[in-house]
Amino acid sequence: MFYRENGQFKSTYRADQQIFPIRQDRFFILLVLLVAFLLIPLLASNYFLQAILIPFLILSLAAIGLNILVGYCGQISIGSGAFMAVGAYAAWNFGVRMPATPLVVQILLGGVFATLVGVVFGVPSLRIRGLYLAVTTLAAQFFVDWAFLRIPFFTNYSSSGNVSVPALEAFGLPVQTPVQRYLFVLIFVAVFALLAKNLVRGAIGRQWMAIRDMDVAASVIGIRPIYAKLTAFAVSSFIIGVAGALWAYIHLGSWEPLAFDLNRSLQLLFIVIIGGLGSIVGSFFGAAFMVLVPVFLTNVPHMFGIPLAVDTASHIEHMVFGGLIVFFLIVEPHGLARLWSIGKEKLRIWPFPH
Amino acid sequence: MNASVEAAVPRILLNVNGIEVIYNHVILVLKGVSLCVPEGKIVALLGANGAGKTTTLRAVSNLLKAERGDVTKGNIDYRGERIERLTPAELVKRGVVQVMEGRHCFAHLTIEENLLTGAYTRKISRGELNASLDKVYQYFPRLKQRRSSQSGYTSGGEQQMTAIGRALMANPNMILLDEPSMGLAPQIVEEIFEIVRDLNQREGVSFLLAEQNTNIALRYADYGYILENGRVMMDGAAKALAENEDVKEFYLGVSSGERKSFRDNKFYRRRKRWLA
Amino acid sequence: AEEQFVPLLAYRTGSFAPLGIPWADGKMDYLKLVNERDGGVNGVKIVYEECETAYATDRGVECYERLKNKSGGASGFDTQSTGITFALTDKAIVDGFTIETVGYGLSQSADGSVFKWNFPLLGTYWTAADVMIQDIAKKVGGEDKLKGKKIALVYHDSPYGKEPIALLQARAKSNGFDLQLYPVTAPGVQQKSTWLQIRQSKPDFLLLWSAGIMTPTAIREAQAVGYPRDKMYGIWWASSENDVQDLGAVAKGYNGITIHNSADHGRVHEDLKKHVYDKGQGTDTNGKYVGTIAHTRGMMISMLQVEAIRTAQEKYGKGKHMTPEQVRWGFENLNITKERLEELGFAKLMRPVKTSCKNHMGDDWARIIQWNGTKFDIVSDWYQSDKKFVDPLVKELAAKYASEKKLETRNCDAS
Amino acid sequence: MAFFLETLFGGLMTGMLYSLVALGFVLIFKASGVFNFAQGAMVLIAALSMARFSEWIPQWLGIESLILANVLAFIISGIFMWLIAVAIERWVLRYLVNQEGTTLLMATIGISYFLDGMGQIIFGSSVYSIDVGMPKDPVFILESVFEGGVLISLEDLTAAAVSALLVAVLAVFFQYTSVGRALRAVADDHQAAQSIGIPLNRIWVVVWTVAGIVALVAGIIWGSKFGVQFTLSTAALRALPVVILGGLTSVPGAIVGGLIIGVGEKLSEVYVGPFVGGGIEIWFAYVLALVFLLFRPQGLFGEKIIDRV
Amino acid sequence: MSQAARDQRIGDIILDLQNISLAFGGVKALTDISFDVREHEIRAIIGPNGAGKSSMLNVINGVYTPQHGEITLAGNKFTKMNSRRAAEMGIARTFQNLALFKGMSVLDNIMTGRNLRMTSGILAQAFRLGSAEREEIAHREFVENLIDFLEIQAYRKTPVGRLPYGLQKRVDLGRALAMEPRILLLDEPMAGMNIEEKQDMSRFILDVNEEYGTTIVLIEHDMGVVMDVSDRVVVLDYGKKIGDGMPDEVRQNPEVIRAYLGASH
């Protein structure tokens, strides 16, 4: 009854092209932003900020990047951890070698380098497709892992291969406390989510989706696969690179290539698919699922005072997690985002059954 | 019941009773469709695009699940047995096979392999298998020529023939045929319908036939249902339907007795009807 | 009553679980023992919570964030992972929590003037590597005989495995041996090419910085290419029973190093049996890990933690809850004497240890053990690392760290 | 020269092992269009089951004979893999008929998490050993030709022989049975296969069971070499480049691909590795596969990707 | 328009195919085929299934590269066409087996047809700068008109995968039209439609042809439509040309009757 678009007529195309054409959606988003920017910093505990919200936001961002490639352009990649790593290490190298570079610029430069690497590894996509391509993206994963492990230049000849960032500040403000870190990440995520949304609903987004859905038809209407695929790789790796830099700088503070290993890539792919391929909000849903479920699973037995050994708990967690993934795929193969939109559709016709 | 009555009123083979179908839990497509197919008859299911013909066939053959559709109301009987809960494979064993719209050949298999898969449910000897194969090749000589090509590379018509031939290999009692004429050359369309009639008369196979080509469908069918928007609008013996003025006007393209040239239409009929 | 909280980071799953399980059991068992036998530390009960890291840094960070403020603050984190140690080192400075890394961690963090919160107690990878070289030198007849020898390091390719390289290079330069480096990509099941190369270059001795499945794999590959097991030295994480017992005779002759003397048995084991396992409260229900090297080492770690709390209580008030900062002071002023070890039941396992502001490592005793096919025998006398090689490295890298992080160095002589 | 030969042999033997794991992938992909990421987890759980049952059975039944214990454990593990196949069909695949490749891929990742957890809960997470009596000590051949001879591991040789045999049996089974055709049909189009009465559930149980048995054999061989532990599940990662190099749908491809990758990575590691810091074999295998695919996007023996408009 | 008026309008040869041969492995899809298309004309291609009709279209717009032959398009000679160039030179097409972008809405599908005319860069799009926004809106207007024209307003935002076949065909056509092509290649646009819809579609094709002067190449199996609508017909049979001419001539051609039409026509 409350979620209706009746009576909301659009008299201009501009109005119809807003990101959220339905009033209730606009309301909702506004509310979310208010909560995120004002309420949470006031209320959330440090643990909640550091261990849940910050990783959630950064993973969402990375997932948005990956979603552009996988969900919108249809090029499955299992190597996104590599691009996060490139973003992180590139940013760090600028920080170390040119300490004058402002923090935000370092992070963006991380993105730029990730873009370059992404485009290089995107080139095979012009010939190789589908699962074959997916597996070859692992070449990026393992190569990059290797490079940061074995080429001392990238870690500024640190003997252990581990690197860490000094105290952070941006625009003269410190980025130290959990709240500051959270807000810093939040701004990045909000801005990039908006830009990504703009891209996917614009001309370039349509090109990506066209390539994804039917590449022959796309080239017949004049879309160049090279351009579409490589831009998708570029934009996607840029965002993933930025997310990688944030992950390293804000979340970890100190890291080794292991932080961006294959598990990270798989995790991102999970987020994207559980959340919903080809959906920006889906990336957030997926990331929430990914971050919350394990925390929830480790805490639940404690809450009920069930004395579970950590290893059993962790194995059960694995099982439950795997089971949930399968469960959600069965309930809705198109991810949480689709579930969400079906929910909205139901709400729209509520209380009538159809 | 005595024998003479039984002969006069053929047994009902398939009985669809007031079914509703919903896709994806929200899209209601069939809103109470009832129809029946008597044994040994050809029944045509007509209607515009999106009327729900394919959906009806899928509901019968139980291929809806794979499309995330559900029969939420009504029931479907085949030879008096409820079949909504059966798997497609069990249905095929009972003799109900669907030929899907849009061909759906196994692209990487050769034409002959495609045909052979059709006999999967039959436990038969090599000899019988070859006999079935020969029968199909007899109906579709073109397939024999191209038997060793991968079906993914064959033309649309060849794929359609493959799909029908593949269904025949299961030795069915009842075929659910979805738009067999689509994309076929006129000669082949005739041929296919002749084959349908042949199978019907010689082997007693019953057909439920979804068609856009009303003209030809009514020519070969015994009985017809017209679906519109998920409901049966009209039904009747094929002959009677072909004579009906509305049907003539809307489905046969004949108004006031003669066929109009496609060029002479001056406006869009669809719009006209909506306005009316 | 007062309580003192000890967080227990552990990995009981993942590739390193075989080592992680007894280790974690040992840590927990000792805390149980203290509660059962002594009723806590001067009456302050120890409470603890385990958190599974699966050896993954981000999960370790999550554990840290979750546990650090529990029940009045964590008394110290034994991270069980070099990677997590790196990540937490930066955070702990800000938050004020002790990082206790017995036998691992950042070797340079032995310098307490820079690393206020880190305690690589009892030894680091540098001291371990140094002791191994000393033992090799003894075998070949003196350090001067090392000249021209080939010594290979086969290491887990991670900060953990790379840690000894700096020291070995310094040693190689000074002793004139030829150091060959063979990195093995994690998790270490893929070593065939490494061992083919080893078969070709035939090093005289081989140091193994491995973990988890990498250790038995390496020994098997050594057998497959015919490399003598008694020329191999495994770091302490690669020389517990769980690493070799499935190999049996295959591993015969394989050498390992112990931190202090963790291969031996002491009275603490009997106490544990009596006060904990006999009451059915042992962490490992059937007790098969008790007495294994990894388990004993776990107990040593908890013992040091408890002693730090006790030391702190001596200064800040017996029977009281200690804040994280106070516990840190305890770690920095440990003085575990021979008598104390006797009381604790660790006399055979350890030598006295004393820490200070300058020296966060304490005393780095070690011995060499050798697998005889069914169990490890202690085959050497006590060693201590040669400070001539270790100290300059600690100084240099600690200073580098301080300058990178713009850290103030504490003046240890002042207080 | 002797060293080169050793490396070459080493590569070939390793390659055979890869082939064995790759084969599991190929079977399932060929028969259902599912890219089974859980293959690694299946290897692990099969190996765990084998290791533990061969240890438990003598305890329970008081059997002395190692051979008998191993045979019984093998049978029980086989049944166990069959149960897993049934469960996967019953609770997962059945509901995912006609879904896209990515969805199925994800589901198998979910399955692999589940199996990893379940395997360790049932069987424990320490290192276990499998002893099927494989010869462990090295032998040297051609000692007259080269000084020190050429080292060959009998264990590898046995493993390679078993792999080759299994591969051959399966190739025949799939090429010459009527089930084989049905399998390929299912891979092409779930719905069409259903429409002509191919019972997807039964087909899937068959394929997953076979893949499970292949995983079991792979698990036994790998396990007896390296010990059975969680890490075994990463074996699948090593097999991925093999799968795509050989072609996702080709049984012979799995073998040839395995050999090429095995040899390629060993030679590269030994001859190129030292100049760039070593440890290159993992990515080298992938890059090798990638370069091959640039010339043949469907892999060496894979079916051509049909695209027509 | 009367036939005479139509004949008047039909101009010079715009597309000329010379000796085209195309084979896939052993299958000869096209053997030495030549024919031409004049400006503003509706040119039909008919022939039995597998005759090579679709392949012919694929050659014209560069999806397939023929082994032999030459294509002359608006005075330019090509031995090789590529699809991008064809699109730039104003060739649009629809597909026999529906090659829509399944995951996209009707609106987005048709908008892709405007792709070649949209020029704003990635950054402009990301930030929705004024120019990008204005461009988007201008094209949106064009597309909305098309949607009205095709009468698919109600489905504007529905993913095309969910539409029934007939509507999908219309979207396919809409996408081609959005390119404002000079030459429109239609591959069985009326397959799977009922009579009423065919009538609409025919009207529609004629409208496009008459109002915008678009040249149309049409493959269709419904002889009624072909005979009524087209100006000239070319007949293929197993890759060979067996007839070419006015609809009535073709209809009488005995070879065409044998190979394609069958006795009843």
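Per-chain residue numbering starts at 1, and chain names A, B, C, D and E are given in the order in which the chains are listed.
Here, a contact is a pair of C-beta atoms (placed from the backbone, for glycine too) under 8 Å apart; a residue touches a chain by one contact, two chains touch by 3 or more.
Since the model is a prediction, treat every value here as computed from it, not as a measurement.
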item: Chain whose average C-alpha position is farthest from chain A's own; value: B
item: Comparison of A-D and A-B by number of C-beta pairs in contact, larger one; value: A-D
item: Inter-centroid spacing, chain E versus chain D (mean Cα positions, whole Å); value: 49
item: For chain C paired with chain E, centre-to-centre distance based on mean C-alpha positions, whole Å; value: 75
item: Chain C and chain D, separation of their C-alpha mean positions in angstrom; value: 37
item: Chain A and chain E, separation of their C-alpha mean positions in angstrom; value: 41
item: Shared-contact residues (touching 2 or more other chains) in chain C; value: 12-13, 17, 21, 157, 183, 185
item: Residue numbers of chain A (touch at least two other chains); value: 146, 149-150, 216-217, 220, 311, 314-315, 318
item: Per-residue overlap in chain B, given as positions that touch at least 2 other chains; value: 153
item: Residues on chain E engaged by chain A in the complex (per definition of touch); value: 61, 63, 83-84, 86-88, 92-93, 95, 99-104, 108, 111-116, 118, 120, 122, 125-128, 132-133, 135-137, 140-141, 144, 175-176, 179
item: Sites on chain D touched by chain C in the complex; value: 3, 6-7, 10, 14, 120, 125-129, 136-138, 151, 153, 155-156, 225-227, 229-232, 234-235, 238, 265-266, 269-270, 273-274, 277-279, 281-282
item: Chain C - residues contacting chain A, complex; value: 10, 12-13, 17, 21, 24, 50-52, 54, 56-58, 61-62, 65-66, 69, 82-83, 86-87, 89-91, 94, 106, 157-159, 162-163, 165-166, 183, 185-186, 397, 404-406
item: Contact footprint of chain D on chain A as seen in their complex; value: 70, 76, 124, 127-132, 134-136, 138-139, 142-143, 145-146, 149-151, 216-217, 220, 262, 266, 269-270, 273-274, 277, 311-312, 314-326, 329-330, 333
item: In the complex with chain B, residue positions of chain E that touch it; value: 24, 27, 46-51, 54, 96-97, 151, 162-167, 188, 191-200, 202-204, 206, 221-225, 228-229, 260-262, 264-265
